[in-house]
Amino acid sequence: MPLLHVLLLLPFLLAAALPWLSRLAPRLHAGWIALAGPLLLLAGFLRLRTAGDGAPLSASMPWMPSLGVNLELRLDGLAMLFALLISGIGALVVLYSIFYLDRRREAVGRFYACLLLFMGAMLGVVLSDHLIVLYGFWELTSVSSFLLIAFWHRRQASLDGALKSLLVTGMGGLAMLAGFLLLGIAGDSLRVSELIGSAEALAASPLLLPAMGLILLGVFTKSAQFPFHIWLPDAMEAPTPVSAYLHSATMVKAGLYLAARLTPLFAGQQLWYGSLTAVGLATLVYGSFRAIKQTDLKALLAYSTISQLGLVTALIGLGSVYPAGSASPYAAYGAAAAAAGLLHLLNHAAFKGALFMTAGIVDHETGTRDLRRLGGLIRFMPVTFAVSLAASLSMAGVPPLGGFLSKELFFGSALNAYRAGEGSLAALLVPAVAWTASAFTFVYSGIFAWRTFGGPARETREAAVHEPSWGLLAPPLVLAAAALLLGLAPALVAPGLLQPALLSMHPAAPDAYGELALWHGVTPELLLTAAVFAVGGLLLYAAPRWAPLHRTIRLPLSWNGMYERLLRGLDAGSEKLTAAYMDGGMRRSAGYIFLALAAFLIVAAAMAGDISVVLSGMAPVTLFEGIAVLALIAATLAVPFAQSRMMAIILTGTVGYMVVLFFVLFRAPDLALTQMIVETVSVTLFLLCFYHLPALKRERVARRTKLASGLIAGAAGLAMTLVALGALSDRKFGSISDFYLRNSYELAGGKNVVNVILVDFRGFDTMLEIVVLGIASYAIYAIIRLKWPGEAEEEGSGLRESEFRLVYEDARSNDVILQTLAKVILFLILTFSLYLLFAGHHQPGGGFIGALMTASALVLMSIAFGVRTIRKALPVDFRIVSACGISLALLTGIGSFAFGKPFLSHAFGYAQLPFFGQNELATAVLFDLGVYFTVVGITMTIILAIGRDK
Amino acid sequence: MVDLLLQASLVLLMLSIAGCMYRLLKGPSVSDRIAALDTIGILLLSMIAVFGMLQGTTVYFDIILVIGIVSFIGTTAFARYIERGAVMEDE
Amino acid sequence: MELLLALAVGALFGVGVYMILARSLLRVILGLSLLTHSVHLLLLTMSGLKRGAAPLLGEHAERYVDPLPQALILTSIVISFGVTSLYFVLAYKAYKSIGTDDTEQLRREAND
Amino acid sequence: MNEALAIGSAVIVLFGSVLSLFSAFGLIRLPDVYLRSHAATKSATLGVLFILTGAFLYYTFVHDVVSVKLLLGIVFVFLTGPVAGHLNARAAYRTGVRLWERSTRDDLKEALQQERAQAKKQAEIRDKLR
Amino acid sequence: MTNLVVLPLLLPLCTAVLLLFFKEKAILQRLISAAGIAATAAASALLLARAGSDGMQTLAMGGWAAPFGIVFAADFFAALLVTAASVTTGFCLAYAMGTVGPERERFYFYPFLNFLLAGVNGSFLTGDLFNLFVCFEVMLISSYALLVLGGTKRQLKATLGYMLVNIVSSTLFVAGVAYLYGMIGTLNMAQLSARIAEAGSGGMLDVLSVFFLIVFSLKAGLFLFFWLPEAYEAPPAAVSALFAALLTKVGLYALIRTFTLIFPAGHGLAAQEWIAWMAGATMLLGAAGALASKDVMRILNYNIVISVGFLAFGLAVSGEKSLQGAVFYLIHDMAVKALLFLLAGMMIRAAGTGRLDEMGGLIGRLPLVGWMFLVASLAAAGIPPLSGFGGKLLLVQGGLEAGSHLLAGISLATSLVVLYTLVRLFMRAFWGEAPASLPIPAEEARVSRAHTACAAALCLLVVFMGLGSEWMVQASAEAARTLVSPSDYIDAVWKE
Amino acid sequence: MASQFLINLLIAFLWMFLYDDLSFTRFAAGFGLGLLFIGLLNRFLKRDFYLRKVKAVLVLLLIFIRELFLSSFTVIYQILKPKLTIRPGIVAMETRLKSDGELTLLACLICLTPGTLTLDVADDHRTLYIHAMDIGDAEQLRQQIRSTFERAIMEVTR
C-alpha cells in the first residue's frame, strides 16, 4: 500500500481501534493515544515533502474499479499545504483537548474517534484526485463535524446546531455531487487532474455552467459563505477544541480548498470568478459587521471566521479571473490574488486556532463566554492575554504579524481589480468593500482582546481564575508564535509551502512571495491600512456610544429566521400535503386505486390511438343467453340498492350462481362445479357470521361522496369493458392451448383437459394454490384462536348468547329425522366425493371438488350429531391432515428428483388393479390426492374454527 | 322443435327463479328466504339438466348432484342456525 | 355474445367498485366477490366463447373450447376463495373486537 | 321414432317446468311461511321429478346413455327435499314465526310451552347446583 | 435444466410444511426454520454462482417445455434477488426468535415466514405470468397472516386495509392476464416478449402495458403507495423489517421484469414515461410524508416509499447504467431497510413507545443500537462509502447521462430528505434528555444482546457492501446486462 | 349387521353406476370402499331398518305415488284459485311406529305429499306435529295418514 494511502487510512483505523486501545489503558486519557494520529500524519507528510522532488505524488487503490471509481490520491502543493495544516493544527487541537476535556466526566473515547474521523475525512478531501471520492470524504466531513458539534447531545442547542450544519453542508454536498457528475459527463472523466488537462474542451460543453453552479453551491455552503453562513455560528456549540479545529484547518477550509483546486479548471469563467468574488466580498462585510454586535466570545469568533472566509473566497475569485495562458494585460493579477488568498488562509489558520483556544481557556477558567460579564482578566492570566493579543492583532492586520502581510496583499488585489475593471463602478466596489470590512475587522478584533482582558474585572471569581495549565496554554502559544513568525519571516514557509500550492492553482505563476516584507515603502495599500487603523481605532474607542445604535438596526429578514421558517414551513407543508390525501381509511385507498385505474386507462387509450372495436366474428346470442346476461346485469345493478345485509348477501350470491350458469353455458363443467360449491360455502359463511350484526345503517355518506364513488365505479367499469372490447378486436396471435387438447391424453394420460392442465401441465400452479389455501386456513385458525382485545370480557361473562338461548329459552328440538337421513346420505355423498376425486382426470371433478364434497359430508354429520361426536368418530387434527396433503403433493413433485427429472414430472401408465380396474394410472392422480387431503383438512379447519367460535 | 321446447322450459324455469327471488328478497322471515333459496337450488339443478340436453352432453350431471347435496346442506345449516344460534354444537 | 359479456364484465366490475367504496366491511367483501366474478368472466370472454365442446376428450367432439383459461379461472377461484375467507374472518373478528363493521369507525377506534 | 321420443321427453321436461312455475307462484302468493313451505316442496318433488325423468328418457332414447347419475339425482332430491323443508319449517316455528291468522288450530303451541317450562326448570336446578 | 432453480422456493416451502407438524414445540420450530433458511440461502447462493458462471438457469416444471408448462428462469438478476431475499429473511428470522413472543410462535409464525420467503423467491424466479400471480398470492397471504398475528386492534385495521388493496391489485392482475392472453395467446413471459416484439407496439398493447403498470405499481408502492405507511407500521419489528425489505421489492422486480422483458423500453410504448412521472411524484410525496411523520415506524415507512420512487427512476431511464444502479440499490435497500426496521424495533421496545416526542436519550441505554442506526441512516441516504452510495451514484449518473435532469435533481433532493428525516429521528430518539419515566415496565423494555448482535451482523454487512462495492457493482452490471437484452432471456427459456 | 351389508352393497353399486361401467372390478372397488367407510364410521350406525320385503316396498311406493299426484293437484288447484279458501293448521298425531328409521320415513312421506308438512317430532319419538294446508277434520287427517303411509311402512319393516 502506498504511503499516501497509509496516511489517509491512519486516522480512520486509529478511530476504529481507539475504543479497544483505550480499554487497554483505562487510566490514560484517550487523547494521548489519539495524539499519535496527527503526529504520525505530520511526520508522514513532512517526510513525503522532503522525499518528493516537488512533482505531485499520485497513488491509486481500487474501490469500484469497474465504475472507474477508485481511491485516487494526489499530493501536490495545494494538497500538501492543507495536509500539513490538518495534521499540524490537528495535533495541537488534540493536545489542547486533553487538558480541556475531563476524562472522567466526558465521553472522551467517542470524542477522539469522531475527531480522528473528521481529520481523516478532511485529509481525504484534500488528497482525492477523483471527484466521487472527494465527494465521499466531503460528506464524511459533514457527518463527522455533525457528530462533534452534537458532542454534548443532551443540550438542545448542540443538537440544533449539529443538524443545521449537516443540512446546510449536506445540501451543498449533494448539489456538488450533481455538479461533479455533470462535469464527468461533459469531460468524460471524473479525475480532477485529467479534467484540468481537458479544461479547454470542457469550456465548450453546455453542461459546464450548470455543473459549475452546482459545485459553487457546495463551496459556498461548506465554507459558510453568505447566506449559507448560518450554520457556522451555531456550530460553536461544539466543544471548543473542535471549534478551533473546525474554524482554522478543517470543514470550512474544505470549501476554500475545492475552489482553489478547481481554479485551473474554471478560471476565466465569469460565473465562477464573479460569484466567488461577489459572494466572498458580501460575506466578508456581512460577517465582520455582524461580529461586532456579538456578546458571546465564540459567536464573535464565528462571525469573524465567516468574514475571513469571505475574504479568502473573494481572493480566490479574483485569482481565477484569468485562465492559464490568458493574453490579458492584467493576467498577472490573478496569480497575485491567489497568492494573497493562500497566505491569508495560512494566517487565518494560525490566529483563529489560537483565538478559539484562548476563548476556550477563558470559558474554562471563568465559566462564561459572555463579553458583558467578562473583563480585566489580564491581571489573572497575562500569558493567555499575550497569546490572544497576538492573534487578535494578526486578525486585525496589524504589523508585524502575519495578518498584516496578507491584508496588504488583499488590498493590493482589490486595487488591482479596480485597475483591471478600468473604472467601472463594480470594480470600485471591491476596494471599497474590502476597506470597510477591514475597519470592522479591526473593531471586533479589538473588542475580543479588550473586552475580555482589559478594563475592570466584572466577576468576583478571582480566587478561581488563573492561568491555565501548560497543556491548555501551549497549543495557542504555538499558534500565536506562528502568527508572529508568519509576519516576521514569511520566507520560512512561503517558498516551500505556499509557492507550490500556488503553482497548483496557477501552474505558470511567478514567485509571488519573494518580495514579501513588512515594509516596502508607502503604497496605496499601506495608506488604506493606516486609514483602517485610524477609523477602526475611533470606532473601537467610541464603541459604547454607538453599540446601542447597532442593536436598533434590525435586519428586515434574518437568515436564521428564514432557515427556521423554511424548515417549519417544510414540515407544515408536508403535513398539510400528506394529510390531504392520506387519511388512513380504506375507502380512500380503494378510491385512489380505481380512480387511477380509470384515469390511466382512459389516458393511455387516448394517447395510444389506433384502437377500434370490431363486433364481427363474435359468437351468436340465443334468446335465453340474452335474457341470462340481462338478468345478470340486473341482479348486479341491484346489489348496491340492498337495504339490509342479508339482502346484499343474497343478491351477491345470486350473481355468483348466475356466473355458475354462464360457466355451464360456456362449456366449463369443472368451473361450474367449483364455483357452485365455493359460492355456497361463501354465502353460507357470510350469512352465518353477519346474521347477528345490527341492521345495516343507511350509509351516512354525503351525496357528493356517493356521486364520486359512482363516477369512479362507472368509469372503472366502462374502462374494463372498453379494454376488453378493444383487446378482443385486436387479437394478435392464436392461443397455445391446441397443444393441451392434442396431447392431454397421449402425453399426460387424462381426458379432462382442464384437470390435466391443473395437475400436470401447470401442476405447479395448483401446488402453490393449495399452499395458498393452506396458509389461509392456518391464518384463519390463528385469527380465531388468538385473544383479541374486546373479546376477553365476553369470555368472562359466562354463557354466550347461543348457549343462553339454548339453556333458558328453548328446549332442544328432536333431531331424529335429520340424524336418520344423515346416516344414509352420508355414504352417498362420501362415495360421490371419492368418485369426483378419482374420475377427475377424465371427467369433471378432481381433488379440489372431491375434497369439498367430503367436507360437506363431514359438515352434515357435524350439523346432525354435533362437533364432539365428529371428533370422537374422526379423531384427527384436520390441520395435520392438510399438512399431510401438502406434503403428499410436494413429495409427488420431489419424487421426480430421484429420477433426475424436473420437479413435478409425472409418469403414467395403464395398469390392471385389483380394486380399481383398468386405469390409466398417472402419478398426477397422486398429486390430486394430495390436493384432496389438503382441501379436506383446510375446509374442516376453517369450518370447525368458525363453527366453534360462535 | 326439441330445442324450442327446451328453451321454453329454460325460460319458464328462469321465471320460476325470478318468483323465488321475489320471496328471497321480500322475506319477511328468514325461514321464507331459506325456503326460497332451497327452491332456487332445485330449479338451478333442473335448469342445468336442461342445458345438458341442449348441448347434448352428460358432463353436467355431476353438477346436478353437487347442487342437490350443497343446497341440502346449506338449508340444513341455515335452519339449524336460526333455530339454535349455532350450526355445529359442541354439546 | 362477447359484446354482451363484456358489458356484463363492466357492470360487475363497476358495481364491485362501488361496493368496495362503501363504508360497511360486508359491502366491501361483497364488492370484492363481484370484482372476482367480473374478472373470471373476463378470462372466459377473452378466450373466445362457445367455440366447441367442453374440454373433455371423451366427448369426441370436433372442436373443444380453450381449456387453459378454464384452468386459470379454477386456480383463481380457489385462491380468491381462500383469500376472501380470510378477509371475511378478519372482518368478522374486527366486528367482534371493535364492535363495528364500519370502516370509518374502525379507523377511529383502532387509532385510539 | 327417435325424434318423437325426443319431443316426448322434452314435453315432459316442459311439463315439469310448468309445475315449477306453479310452485313458484305459490311461493309468492301463499300467506305464511308454513304454507309457502308446502309450495316450495312442490318443485322439489313434482317439478324436478318430471324434468329429471324427461332428461333421463331423453338420454336413454336419443343418446343411448343410461345415466344412473340422473337417477341418483332424483333419489337424492327425494330424500333430502322433505327433510330440508321440515327443518326449515320447524326453525321458523321455534323462532316464533306466526301462523297465518286464518289458521284453524295449533297443537304444537302448548306442547312447546310445556317443553320450554321444563327446560327452564332444569336449567335453574343446574344453576343452583353450580 | 436443473432442479436447483426451484430450490429457493421449494426449501422454504418444505420447511414451512414440516413446521406445521410441530406447532407446540417452539425450540424445534426455531431450529428447523433456521436450518431451512440456511439451506435456502445456500441453494440461492449456489444458483447465483451457476447463473454467473454458466448463464441463465431454467427449469421446466414437470418437464413441460415452455410455453406450455411453467418455467422457472434464473437469470443473474433473479438469482441475485433470491439470494439477497433469503439472506435478509435469515436475519429477520434470527431477530424474530424470542421477540415475537410465544403466542405468535404457537400460531404458525415460523411457517408463515417460510411461506412468505417461498412466495417471494417464486416471484423472482418464475417465467410465467400467471404463475407470477400465484407466487404473489403465496407471498401475500403469508404476509396477511404475519401482519395480523399478534392481535391488536391496530393490526386488525391495518390488515383489513392492506388486504383490500392487495386483493384488488391481484384481481386486476388476473384481469391483465386475461387481456394479454386474449391478445397474445400465451402466458410464458419469454414468448410474450417475442410475440409482442413481433406484433409491434401501439394500440391496445400500449393500454395493456399501462394496465400492468398499475397492477405492479400498486404492489411496489410506486405512486400508488398510500396503503403502505399504515400497513407496515402495525406488526412487530421482525415482520415490518421483512416486509420493508422484501415485499415492495417483489413489486419492483415485477415492474422491472415487465418493462424490460415484456414491454421493454424503446418499443414505442409510453409506459417508461409514465414510470418517470410516477417515480418523481413518489419521491416527492414520500419525502413530504417522511417530513410530516412523528412516529418512528411511520418515518421509516415513508422512507420505503422514497426508495421505491428512487428505484423506479432507474427503470424509467432504463439505460444499462440506470438499471445497474437500480439493481445495486435494490440489493442495498433490502439489507438496509431490514436493518433500520430491526433497530427501530429495539428502539421502540426500549422506549416503550414509537412516538418521537415521547422518546429521547436512548443512547445511554442502547449505545450500539444508536450508532448502528446512524450508520444505517447514512447508508440509506447514500452517504459514501456505505452501501447506498454505489446505487445512488449509478442511478443519478445514468439519469443525467440520459438527460433526465429533473428526476436526477429530485432524487438527490429527496436523498437529502432521507438524511434529514432519519438523522432527525436518530437525534430525537437517541440524543437529548431521556423522559422521566418509562411508559412500560423496565423488564419489558430490555433489549437482548442476541438481537443486538443480529442487527450488528446485518450492519456489518451493510458497511461491507459499501466498502466492498466492487462486487456489488459487478453483480449489478451482470444483472443489468441480462435485463437490457431480452433476447438472451427468450433464447434461454423458449426457442421457437 | 344386515343393514350394514346392505349399505355396503349399495355403495358398491353406486360406485359402478357412477362410472357408468358395469364391470366386476368396479363393483369390487366400490365394495372395498364401502367396507372402508363402514369400518371408519361404524360408530354412527345403530340398529338399522333394512329387511327385504320387496312387495311391501312396492306397495308403499305405489301408495306414495298415488297420494303424491292426488294431493298435488289439490294443492295446485288451491294455489291457483282466485280466492284463498284454505283452512291451515297444526295437527298432532301419535304414531305407532317405533324405530327412528320408520319415523323418518313417515315424516318424509308426509312432507313429500303436498298439503302436509311434518313440523316437529316430540321428544318421545311418538308424536308428530303436522302442518296441513287444508284441514277439514283433524281426526280424518290422522286416520288418512295412519291408513296409508303408516300401515304401508309397517308392512315393510315388520
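So that you can tell them apart, the chains are marked A, B, C, D, E and F in the order they are listed, and the count of residues begins at 1 in each.
Please note the rule applied: a contact is a pair of C-beta atoms (placed from the backbone, for glycine too) under 8 Å apart; a residue touches a chain by one contact, two chains touch by 3 or more.
By chain, with names taken from UniProt: A = Na(+) H(+) antiporter subunit A; B = Na(+) H(+) antiporter subunit F; C = Na(+) H(+) antiporter subunit C; D = Na(+) H(+) antiporter subunit G; E = Na(+) H(+) antiporter subunit D; F = Na(+) H(+) antiporter subunit E.
Since this is a predicted model, take the numbers as computed values, not measurements.
Which chains sit in contact with both members of the pair chain C and chain F?
A
Let me check something: if the centre of a chain is the mean of its CA atoms, which chain is farthest from chain D?
Computed centres place A farthest from chain D.
Looking at D-F and B-C, which one has the bigger number of contacting C-beta pairs?
By number of C-beta pairs in contact, D-F is the larger.
Using only Cα atoms to place each chain's centre, name the chain farthest from chain B.
Farthest from chain B by mean C-alpha position: A.
What is the distance, in whole Å, between the centres of chain A and chain B, each centre taken as the mean of its C-alpha atoms?
Spacing between the chain centres: roughly 61 Å.
Could you please state the distance in Å, as a whole number, between where the Cα atoms of chain C are centred and where those of chain D are centred?
31
Could you tell me the distance, in whole angstrom, between the mean C-alpha positions of chain A and chain D?
The mean C-alpha positions of chain A and chain D differ by 69 Å.
With centres defined as the mean C-alpha position, give me the chain D-chain E separation in Å.
Computed from C-alpha means, the inter-chain centre distance equals 57 Å.
Please output the residue numbers of chain A that touch at least 2 other chains, ranges allowed.
Answer for chain A, listing residues that touch two or more other chains: 584-586, 590, 594, 665, 667, 669, 720, 724, 727-728, 735-736, 740, 762, 765, 769, 772, 775-776, 779, 783, 788-790, 810-813, 817-818, 821, 825, 828, 832, 843-844.
Among all residues of chain E, which ones touch two or more of the remaining chains?
130, 134, 137, 141, 144-145, 148, 153, 156, 160, 164, 168, 172, 175, 179, 181-182, 187
Identify all positions of chain D at which a residue touches two or more other chains, and write them in rising order.
23, 25, 37, 65, 67, 69, 72, 76, 79-81, 83, 85-87, 89-90, 94, 112, 115
All pairs of touching chains, please: list them by chain label.
Contact pairs between chains: A-B, A-C, A-D, A-E, A-F, B-C, B-D, C-E, D-F.
Looking at the complex, which residues from chain A come into contact with chain E?
62-67, 69, 132-133, 135-136, 139-140, 143, 146, 150, 153-154, 156, 159, 162-163, 166-167, 170-171, 174-175, 177-178, 181-182, 184-185, 570-571, 573-575, 577-579, 581-582, 584-586, 588-590, 592-594, 596-597, 600-601, 604-605, 607-611, 720, 723-724, 726-728, 730-736, 739-740, 760-765, 768-769, 771-772, 775-776, 778-779, 781-783, 785-790, 879-880, 882-883, 886-887, 890, 894, 896-897, 901-906
Which of the residues in chain A come into contact with chain D in the complex?
That would be residues 807-813, 817-818, 821, 824-825, 828 of chain A.
Contact residues on chain C for chain B in the complex?
For this pair, the touching residues of chain C are 53-54, 56, 59.
So in the complex, which bits of chain D are touching chain F?
These residues of chain D touch chain F: 19, 22-23, 25-26, 29-32, 34-35, 37-39, 41-42, 45-46, 65-69, 71-72, 78-79, 81-83, 85-86, 89-90, 93, 99-100, 102-109, 111-112, 115.
How about chain F: which of its residues touch chain D in the complex?
14, 17-18, 20, 68, 72, 75-76, 79-80, 84, 86-92, 107-112, 114-120, 122-123, 127, 129, 131, 133, 135, 138
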